[in-house]
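Structures incoming, each one as structure tokens.
You will see subunit A twice below: alongside subunit B first, and alongside subunit C after that.
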Partner chain A sequence: MQIVAIGLIATVLIVVVKSQRPELAVLLSVAAGVVLFLLVLGKIGSIIDVIKDLAERAGISMFYLGTILKIIGIAYIAEFGAQICRDAGEGAVATKIEFAAKILIMVLAVPIVVAVFQLLLKLVS
Partner chain B sequence: MEVVRSLIHNLIVIVILAMLMEMLLPAGDMRKFVKMVMGLLIIVAVVQTVGDLLRRDYSGDLPYLTEKGSTAQLSGIMEAGKYISGEQQQKAIEQYKRGLANQIVALASINKEVPVIDAEIRIQSGRGGAGFGSINEIVLVIAKGPGRAEKRLDKGGIEPVTVEVDRQLEIEESVGNESVPPLEAVADLEKTVANFYNLKPEQVKCVYR
Partner chain C sequence: MGSNLDLIFKIAGVGILAAVLNSILKHAGKEEQGHLVTLAGLAIVFMWVIQLLANLFDQVKSVFKLF
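What follows is the complex of A and B.
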């Protein structure tokens, strides 16, 4: 309820301010995003705990799980940043942010890809 | 039967995990990238589970999966172990030094001429060295004897004051010259302590306080 209210208020403010002061509208958008993120930050912990528990039961190493969670985090941050840039009319910067995020995700995924590749090769041979 | 049951159990857990993690994925262009990595993780988990069923160990092929985390943990434990061991050793050395100091003071108290009030021990504390724990040096702290004026105050009571202009100078001189034990007695004590602990005579020193 709080989150929806904050979102609606921020939207109305941004729409009102946008015509007069577009630079202020971008700042408002960023502030609203940060507040909404902080509101749900505490609840993410419980989800991570459940995922960790399930990964332990499935015998998946915490190294892999940590990598996956890092990748998800990078994806979210890049998505948020790119959206803000697009809202401010900077599509080119948004594309670059997404590009950087993709590279980082691939870098983090390299150990997993190599491991799976070796494993599949061993299974075939 | 038990093995199949374990396999199905693990697969169910993996499927639930995959579903949960898919719900976490961001919407947009990044989704397919994260989904690919997650797919690989699911492959690894399933192969591991099947490997367990076939009693084959794939951990050697997945160094990043199984080795890295455990190594990091092990190194942490080793570090903590070294720290605790170092601290315990330090405490042991301190206790050893205290015990030796007490022994030396007790030994020195036999000699009534030299009032030893304390002993400072320097020990070879370099870990792993050949002479670890051996005594490097012993410093005997000898009390300077109180001057005549102090002795008078120690006895207690107040003596009647008599003004003697000529004697005043003599008293002041005696306060400045605190009595020191005879050098022969000090040398004897040093020799005794050195012999007792099988040290060279130059390893035992005396300071006056």
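What follows is the complex of A and C.
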């Protein structure tokens, strides 16, 4: 409820401001996005705690879980920035942010890929 | 949460105020001061939004254990 209300209020204010000052409208939409995400972030934290608990019980290494969480965080922040850039009409910058995020995710995923390959080689030999 | 919502209203208020002041100054024939008002409003709002963004990034970092 709260979240929908904040979104609607922010949308109305953005439309009012946009006709006069488009540069302030961009900042307003950034602020609205941050506020909405901060409201949900606490709940995401508790979900992650539950997932960690489950992983510990299942005996999965915390290293893999940490990598997955980092990848999710990078993906979210990059998506946030890219959407703001696209809203402001800068599609090229948005594409570059997404590209950088993909590269960073690849870097994080390399240890897991190496582990999979080592397992495969062990099985073959 | 309340202070965050306040920030949205504050930004919109600054935007409307800057627009009104700009049109008044334009009618009074003071274009340069109108530009200055616009720039000042943008700078103030930018400071707020950057603080908010830093807060967001810190929280995301602590939740997702980044870096």
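We adopt the following convention: the second predicted complex is superposed on the first by the 125 of 125 C-alpha atoms of A that agree within 3 Å, B and C clash if a C-alpha of one lies under 4 Å from a C-alpha of the other, contacts with A are read in each partner's own complex, and residues count from 1 in each chain.
The rule we apply is simple: contacts are C-beta pairs under 8 Å (C-beta built on N, C-alpha and C of every residue); 3 or more make two chains touch, one makes a residue touch a chain.
All of these numbers come straight from a predicted model, not from anything done at the bench.
Contact with neither subunit B nor subunit C is seen for A:Lys96 once the two complexes are overlaid on the shared chain.
Of the two partner chains, subunit B is the only one that A:Ala109 touches; subunit C does not reach it.
Look at A:Ile60: by the touch rule set out above, it reaches subunit B but stays clear of subunit C. Once the two complexes are overlaid on the shared chain, A:Ile51 sits against subunit B while remaining clear of subunit C. Legend: residue contacts after superposition of the two complexes on their common chain; A:Glu23 is shown touching subunit C, with no touch to subunit B. When the two complexes are overlaid on their common chain A, residue A:Tyr76 makes contact with subunit B and with subunit C alike. Of the residues of subunit A, those at positions 72, 76 touch subunit B in one of the two structures and subunit C in the other. Against subunit A, the residues of subunit C that register as touching in their complex are 1, 4-5, 7-9, 11-12, 14-16, 18-19, 22, 38, 41-42, 45-46, 48-49, 52-53, 55-57, 59-61, 63-66. Those residues of subunit B lying in contact with subunit A across their complex are 10, 13-14, 16-17, 20-21, 24-31, 33-34, 36-38, 40-41, 43-45, 47-49, 52, 58, 61-66, 68-69. By the touch criterion stated above, subunit A contacts subunit B in their complex at residues 47, 50-51, 54-55, 57-64, 67-68, 71-72, 75-76, 78-79, 98, 101-102, 105-106, 108-109, 111-116, 118-119, 122-123.
Listing the residues of subunit A that touch subunit C in their complex gives 2, 6, 9-10, 13-14, 16-17, 20-21, 23-25, 27-28, 30-32, 34-35, 37-39, 41, 44-45, 48, 66, 69-70, 72-74, 76-77.
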